[in-house]
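Each of the next two complexes has subunit A plus one other chain: subunit B in the first, subunit C in the second.
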Partner chain A sequence: MTEPLLQVDDLRVEFRTDEGVVRAVDGVSFDLAPGETLGIVGESGSGKSVTNLAMLGLIPQPPGRISSGRALYRDEDLLTANAQRLSQIRGRHIAMIFQDPMTALNPFLTVEEQLTEVTRLHLRHSHDEAIAHAIDMLEQVGITGADKRVFDYPHQFSGGMRQRVMIAMALSCNPDILIADEPSTALDVTIQAQILDLMKQLQTDHGTSIIMITHDLGVVANICHRVLVMYGGKIVERADVDSLFANPRHPYTLGLLDSVPRWDTDITEKLRVIPGQPPDLANLPPGCAFYPRCSYREDRCQQSVPPAIERPDGGDFACFVDVDNVKPAEERT
Partner chain B sequence: MNPTADATSLSRAEQSNASVPLLDVRDLSVHFPFRRGGLLNAQQGFIRAVDGVSFQVAEGETLGIVGESGCGKSTTARAIVKLVRPTGGEVYLDGQRIDRLSDREMLPHRQNIQMIFQDPFASLNPRMTVGNIITEPMHIFHLYDRTQRKLEAMRLMDLVGLDPKFLNRYPHEFSGGQRQRIGIARALAVQPKLIICDEPVSALDVSIQAQVINLLMELQEKLGLAYVFIAHDLAVVRHIAHRVGVMYLGRLVETAPKAELYAHPRHPYTQALLSAAPIPDPVAERERKRIELQGEVPSPEKIYAGCSFADRCPIAEESCRGAQPMLEGGVHQAACFKAEL
Partner chain C sequence: MGESLQFLFRRAGWYLATMWVVYTVSFFLMHAVPGGPFDAERNLPPEVRKNVEAQFNLNDPLPVQYFDHLTRALRGDFGASIKIPDFTVNEIIGQGFPISASLGLFAMVFAVCLGTTAGVVSAIRRESFVDFSFMVAATLGIAVPNFVLASLAIILFVFQIQLLPAAGWGSLKQIILPAICLGAPYAGYISRLTRTGMLEVLGRDYIRTAFAKGLSERRVVVRHALRGALVPVVSYLGPAVAGVMTGSLVVEKIFALPGMGSHFIEAAFQRDYPLALGVVVVYTALVLLMNTMVDFSYAILDPRVKLGEL
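After this line comes the complex of A and B, so read on.
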C-alpha cells in the first residue's frame, strides 16, 4: 500500500456558543492516498467543512478550539504548525476551492492580480512569468481568450467561469491536495458536469489528491473513489464508492441513499425518508447521535457510542445493528 | 324545449367541469426593458425573460417546469400570480382571464392560487408568530371567526407535520425544513386549488427534501391540489410531477408526460440536460455518455431569428437559424426542426 499523503488522527474541534460547547468535529480520523478523490458526505452541521478548515488553520480561535488530534501532511503536523509555516503550505501544497466563487474572489482585483499573487509568493515568479503562468492556467481550465480575459474582473465572468478561475488559482502552484468544498453546488447541471470533468482531467494530468466535500450523492458517484459519511461531527461510515452505494451498512447512509430521488428510473411509490431534523450539536444525545432518527435503533444505542466495525470490503461503520438482518421500525408490525 | 339551446348549455356545463383546465397559460411573455449607453445615445432593449410560453394544468395535476438559471422558469411562476406583470399573452384561472386584472380585481382569485417560495428564511416575516403567519390569509379573505381561525391554524400545522403547540413561536425557532412546512400551511390556509411551488426544496438538506416532497404529494392526494412545480433538479421533478416542461432562454422547448420525457427526450437541449444530471449510482455514472454543450447559456437580451439553441446545439443545421421552431407533437411536444417525432 502506498504511504498516505495526509493522515488525520482523532481530530476534535469545539466551538463555544451561547447554547454551550458545540462539538463540531468529534474524533475524526482518516487518511488520503496520493492521486485519490476522497468524498466527505453529510448534511449541514455534520462537521464536514470544519474538519477541513481545521487542517488548514482556518478556524478562528476563539470561539473555536482544536482540542485534540493530529493532521500529518508528509510527516508534518498541520495542527501544531505555526502561522508562517501554514501560509507556506496553504496555496502551495494544499489548496482549497469554495462553494461560492463570487464571495471567494476579490471583486476589486482583476483575475490576473489574484492569480499572480499566489505564484509570485510561493514560486517566486517574476511579474512576466506569473502572468504567463496565469494565462496558461486559465487555458488549462478551459477559458477561451485567456490572454485577454486574465485582465478582467470577477464580475465579468459567469458563475461557471468564476469557478474555473477559482480552480485555476487553486492549482497554480500544482498542489498535492485540493480541498473542494461544495464546488459545484451553486452551478447548473450542465456547468457542474463540465467542472467535475475538469477536476478529473486535472487529477489525471497532475496526480492531485482531491477531498470533495459535498451533500450531493450524484457528485460523489461521479467523481469519488472513496467516501466518508459524517453525521453529528463523527464519521459513521467509510468505504470505497462502489461498496458504499451497493452495500451501505450504517442506517444513516442507507436512509440517505433511499431518500434521494433518481431521474433515470421510474419510482412510483413514496420516497423513504429519514424522519426528524438534523442534530442540534449543542444538545447531542448520549450514545449514537443518529438514535432519535434511526429506524433500526435499539436500547443499547442510547447508552454508548457504537465503535467502528470493519466492513468485509475494507472501510468501517459505527453501528451496533446489522441492517440486513433487522427490520426497520416502519416495516415492523 | 329548444334542443339546440339545451345542447349549448350542456356543452358549457361540460366545459366548466371537464374541458376547461384549471390553469391555462397562453403565449405568456415577460420582457424587462433596459437602457444601455449614455444620455444621448441610449439604446432601449428588452430582456426576454419569458417569451411566448403556453401550457395548461388540470385539477389535481402537477406540472413540473425545469431549466437552468436564467431560463425564465421563476419569472413564469411569478407572472402567473402577477408578482411581475406579464407583457404579453393571457392567463386563465378556472376559465377566467386574470392577467389584465388590477390588484383589487385579482384579490378574490388569489384564494384559488397560492405560492410557496424557495428560501424558507426570507419568505416568512420574522416578527410574526407561526399562528399569525398562517391565519393572516384567512383574515384577508374573511374566513372563519377569531377562535375558528386559531383552530384552523392548529389543524393545518398538524396536517403539514408541525406540532400545533408551537403556534406562538417565531420562525427563527424552526429549522429550514420546518419553516418550509410553515410556508405550505400558509398557502393551504385559504383552501386554494393551485399552488405554485418555486424551488421549494432546493434550499433544504437531502434528508429533509424527501420529507417535504412526500408531504406535498400527500397533500395533493388528500386535498386534490394542483401544482406548478418549478425546480432545477431533474430527479425531484421526475418524482413529483405528472407532466414536465423544459425551458431554455425564456421558451418551453419540450413538454411530455414525465416517464416519456425522461425515457425518450426529443429536444437536443433536454437530451444534453439529462446527460449531465448526476445519478446517485457510481456504476451507472461510469457507463453513461455525456452530450457536451458548447459554451454557456447566452444572455436573454440577444434576439434570434431562428432557434435560440442553435448556437450550442450538437445537431443544428443552417436551416435552424432561419425560423423559430414551435412546440409540435401530440402529448409529447418538442420545439425542434430536427427532433424525431
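After this line comes the complex of A and C, so read on.
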C-alpha cells in the first residue's frame, strides 16, 4: 500500500456551549491515500464537517478547542502548525468547497477577483497570468464564454454554475486534497449529477484526493472508494464502498441503508426511518451513542463504548452485536 | 452613467414633492401654534403693533400669506427675518450654514475614522479587553452630554495642556475641539454599528471560504468583510450627516461659533416664521441630498444593488 497523504490520529474537538462541553469530534482516526475518494457519511451534528474544518484550523477558537490528536499531511502535523504555515497549506495543498454555493462566494467581488487572489497568493502569478489561469479553470469546469463570464459577479450565475466556480477556485492551485463539504446537497438533482461527474473527471485529470462529506448514500455509491460512517462524533464503521453496501456491520449503517428509498420495492410500503433524534452531544449516554435508537441493543452497550472490530473484508466497525445473527427488536415477538 | 442620471431625474420629482409637503406642513403648524412674533414685547399700542405686523404681512389671511411666501421661496427668497432686524433669512443662513456645515463635516470625518476603526478592531478581537474598552468608550461617547464633554475638553486641552484655543472660528486649530465634541457620540454609534455589521459578516460562509483559500486575516477582513460590514454604517450616515451639518446649539454656544445651530430653536420659540421655514427647508434639502448619496453608496458597495430598482 502506498504511503497515505493524510493521516488523522485520535482527533478530538470540543465546543464550550451553555449546555456544557460538546464533544463534536471524539477520537477520530483515518487515512487518505493519494488519488483516493473517501466518503464521510453521517447525520447533521455527527462531526463530519467539524473533523475537516479542525484539520485546517477553521474552527473558531473559542468556543471550539482541539483537545488532542494529530493530522499529518505529508508528515507535517497540521494541528500544531502555526497560522502562517496553515495559510500556505490552505487553498494551495488542501482546498475546500462548501455546501451552499449561493453563500460561499463573496457577493461583493467578481469571480475574477475571487479566483485570481488564490493563484496570485500561492503561485505568485502576475495579474495577467492569474486571469488567464482563471479563465482556463472556468473552462475546465464547463463554464461557456469563460473569458467574459470571469468578470461577472456571483449573483449573475445560477446555483450549479456557482458551484462550478467554487470547484474551479478550489482546484486552481492543483491541490493534493480537495475537501468537499456536501457539495451537491443544495443543488437540483440533475445539477447534482453534473457536479459529481465533473469532480470525478477532474480527479482523473489531476489525481487529486477527495474527502467527500455527505449524508447522501447515493453520492457515496457514485463517487467514493472508501467510506467512514460517523455517529455522535465517532467513526462507527469504515469499509470500502462495495463491502459497506453489501455487508453493513453496524446497526446505524444498516439503518442508513434501509432508509434509502428504492425503486424496486413496493411503493405502498412506508419509507423506513431510523427512529429517534440525533444524540445530544452535550449529554451523551455512557456507552454506545447510538444505544437509544438501536434496534439491536443489548444491556452491555449501555455500560461501555464498543471497541473497533476488524471486518473480514478490511475496515472495522464499533458494535458488540453481530447484526447478521441477531434479530432487530421490531422483528422479535 | 445613463442609469445614474435617470435615477436622479426620477428622484428629483419626488424630492420637490417632499419639500413642498414639508414646507406646507411646517408653515401651517407654526401658524397654528398660539402666539406671534411680537407677543413677548411689552405694551405695544395696538396701532404700532398693527403697523409692525403689516410690515411682515402678518395681517393678511393665512392662505394669502402662504402663497405669497411660497412664490417667493420658489424663487429662492425666504424674506426678511422678523426677530433679527435688517437681515434677510437668506443672509442669515448664508452666514451660518457654511460654518455649521464645515464643522459638521469635520466632526463626521473624525467620527467615521474613529468609529469604523474601533468597530473593526472590536469585532476581530471580540470579547477581548480591547473590545470591552472600546465598547465602554463608545457607550460613554453616546451617553455623556455634549456640554459635559466640551467642558472637560476645554479644561484639558485649553487650560491644562494649552494646546488649542477655547473658542472662535477661522483657523483649523479652532475647529478641532468642537469637531471632536460634536463627533464623539456619532463615533460611538458608528463603532457599535461597525462592530455588529462586522461580526455578522465574519460569520458568513464566504468568509470561511476566504480563510479556506489561505488568505491572511488582514486580507480577509479588508478585502472580503469590510464592504459588507459598512452597509449599515452608510445607511446611518445619511440622516446623521444632514443633522450634524445643520449645526448643534450646544457645541456652537460653548465654543462661540457663529453657526446656524441656534436658529432652529430660537426661530421656533420667537415665532420668526420666515427664518424657521428657511432652516427647515435647508435641513430637508440636506436630508434628501444625503439619502441620494447613501443610495449611490449602496450601488458602489454592493454590485447586486441596481440604482434603477431603488
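Here is the rule we use: the second predicted complex is superposed on the first by the 327 of 333 C-alpha atoms of A that agree within 3 Å, B and C clash if a C-alpha of one lies under 4 Å from a C-alpha of the other, contacts with A are read in each partner's own complex, and residues count from 1 in each chain.
As a convention for this text, a residue touches a chain if its C-beta (ideal position, glycine included) is under 8 Å from a C-beta of that chain, and two chains touch if they have at least 3 such contacts.
Computed from a prediction, not measured in an experiment: that's the story for all the values here.
With subunit A as the common reference, subunit B sits beside subunit C without any clash. Of the two partner chains, neither subunit B nor subunit C is touched by A:R164. Looking at the shared chain after the overlay, A:W263 reaches subunit B, while subunit C stays out of its contact range.
Once the two complexes are laid over each other on the shared chain, residue contacts for A:R297 go to neither subunit B nor subunit C. Residue contacts after overlaying the shared chain place A:G91 against subunit C, while subunit B stays out of touching range.
Legend: residue contacts after superposition of the two complexes on their common chain; A:H125 is shown touching neither subunit B nor subunit C.
Number of subunit A residues touched is higher for B, counting subunit B against subunit C. Of the two partner chains, neither subunit B nor subunit C is touched by A:R249. Looking at the shared chain after the overlay, A:R149 reaches neither subunit B nor subunit C.
Remark: least CA distance from subunit B to subunit C after fitting both complexes onto chain A is 7 Å. Taken together, the subunit A residues at the contact with subunit C in this complex read 56, 58, 83, 86-92, 95-96, 98, 100, 103-110, 117-118, 121-122, 153, 155, 166, 169. Across the interface of their complex, subunit B is touched by residues 43-44, 158-161, 188-193, 197, 215-222, 241-242, 245, 255-257, 259-264, 266-267, 270-275, 277-278 of subunit A. Put simply, subunit C touches subunit A in their complex at residues 204-206, 208-217, 219, 223-224, 227-228, 301-304.
Touching subunit A in their complex are the following residues of subunit B: 68-69, 175, 177-178, 205-211, 213-214, 217, 232, 234-239, 259, 262, 272-285, 290, 293, 296-297.
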